[in-house]
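The letters A, B and C name the chains in turn, as written, and every chain counts its residues from 1.
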């Protein structure tokens, strides 16, 4: 039993990171009922942007947030305004296609600029770890990830509950035509929501870049993780995304320990498929 | 010019013509009733006026400004409020938040606290329930919330879409008292109703629609029962 | 000359050219047209699901990978004749479709899309961790070496014509009527007795079968199969691209789309790195300016259909 303590604890911490990975997708999925296939690329774009900033200015990776986050907000706002807003209300295929197209463009642009070499945002946090009662190790970076995640999700939750914009987003997600009658301009709200989603993607991108190595094509695997988190935890529920992240993180690491390291992702997928089959709206979701 | 002027309006649902050559005037300070059987086009007319639908041809002027083709959020900003059919209260927000989001536009947001006071004065029940979830209220209470929410946008003109649907006569009586009261305070109103008698009693002017056309218009006190029946059903 | 006559002549001419190509064209051209035919078959199946049955699948690659690996395993390890192996590839794909249909059909809309994707990814992981098929390194399909370019070409032509004909006949059948009714208004169609599940299930099985076979031919041509490529989302990207550019919900669309796609691929292969960026940009441009695709826009403007599906 003790041997499972490490993957469970680390799974919980990893789950915190996964939750932030999924939040952006949850916001977009929740408000527009659309699947943004470029979400993973938004994350990795931020990772590379952070890398650039790091190399040019010599900052600690966490400090690159100051530049990366505003830049990504603007990027998200722009892609919604000029790309996605043109096809809102026209069904699933156009949005999928545009987000696919965007994801291909971003992936290959990053490939051209940065080459396919493995990269990472180096900091001492990855090497240092916490020694818990001499039983197992918890990498410090995992704790940082989880702490940042809780902070981000908490802030976002408060934002949705207490600000006009947050209400506008919830209202638009629930009933768009009624929201328009409040004077809410859907295109602007969508653009702001995408900006927020891009910022959360950026946060998770930088954290991921600090924790693991990344490549231009890493976006795809994180997209699937984001989906997993949102679907398990439930649409339209911020705390649900957190729960989803935890479950995914734990099932990945525990599954990997039981079946084998190559099957980490598979364990996550199996849980995801089970949830999709039994309760597609997720554990805390409101369907 | 009238406060709301609709001229020669044609609206299509796909290939089907829902409105033909509709003309309508609403003078400042009036209560105008819009009546007709189900499918006559009342809802379509409202949706076109409030910007949800776009007309194929014709014009709509509000306070001398052309509004056909504008989106609903622009029209709300110009001072036209809509109490939608089915109330459409947001379940994600509390009563108070539902009201506050009614004053989303910058113009209305400035004076929102004052407006909220006035709405609570008009509907004290809403103040009592202000922290409850919007959809936890009863049908009649939700209707009050919906009206209050429309008032929060500081309109000069309100459209009430089928507010008596699904409510008991007692509740509807109270609502109509409120409608009259708001009108006496200076609001111009358009009522779309199934309850013919009640809406004709309170209106200064009425229009009856049948199959997308205006078949009768005038002061309701001048209407005979014959004329109304004919205008409704064409018999 | 009546429209029917013109249509007939066009089709006969096209078939004549298609069937005689190996006699007068270079190996390169024959290879290119093999690819076009295979992609057209794959795309027309994706179109059957997304354009006609309302099922957007992001996981068709599960059948591509499975069909390809069935061909590889049966022909390499068991020495089965190639045509049989290809056929069995289709059948194994159908079996997979049946197995997953219970859970997958409980998922609606975007959940269905994601569910199919996850299953394909899961299969990819399983195959890349399976020693029997040489893990992630992939397998060489030796028996394919002795096949001539022409025989692969004719196989591709057959599956292409077969799949287009299948879709056309299907849409003109009762099942087709049911599908169009569902597409218009699924509640109303249920009210008149259409069994939505059975219609969608049948289409799903058909698409699995044809995709599995087309995949077999594809990998005969490629000679090498690898799990991450075979079960990768890249396939859905290509099929989505082909169908949208060609024209979703039309019978001719996948053909036009496949032609454009393969030519673009060949033309852009010189600009390594940039080529995919251009693909992505073209995809976005098509959605903005010609959302019905080439065939769809053409049909709207001129009212002409090569394979008319609506009853006269």
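Structural remarks
As a convention for this text, contacts are C-beta pairs under 8 Å (C-beta built on N, C-alpha and C of every residue); 3 or more make two chains touch, one makes a residue touch a chain.
What you see is a predicted model, and the numbers here were worked out from it, not measured in a lab.
Comparing the chain pairs A-B and A-C, the larger number of C-beta pairs in contact belongs to A-C.
Chain A has the Cα centre that lies closest to the mean of all protein Cα atoms in view. Farthest from chain C, judged by the mean position of CA atoms in each chain, is B. Chain geometry summary: the mean Cα position of chain B and that of chain C are 52 Å apart. Mean C-alpha positions place chain A and chain B at a centre distance of 43 Å.
Between the Cα centres of chain A and chain C there is a gap of 32 Å. Within chain C, not a single residue touches two or more of the remaining chains.
Those residues of chain A whose C-beta lies close enough to touch chain C in the complex are 29, 33-35, 83, 86-87, 90, 92-94, 96-98, 100-105, 107-109, 111-112, 220, 224, 227, 231, 260, 262-263, 265-266, 269-270, 272-273, 276-277, 280. In the complex of the two chains, the chain C residues touching chain A come out as 50, 56, 103, 106-111, 113-115, 117-119, 121-122, 125-126, 128-129, 233, 237, 240-241, 244, 248, 273-274, 276-277, 279-281, 283-284, 286-288, 291. For chain A in complex with chain B, the residues that touch the partner chain are 164, 167-168, 170-171, 173-175, 177-186.
Taken in their complex, chain B has these residues touching chain A: 50-52, 71-73, 76-77, 81-82, 84, 88, 90-93, 97, 100-102, 104-105, 108-109, 149-150, 153.
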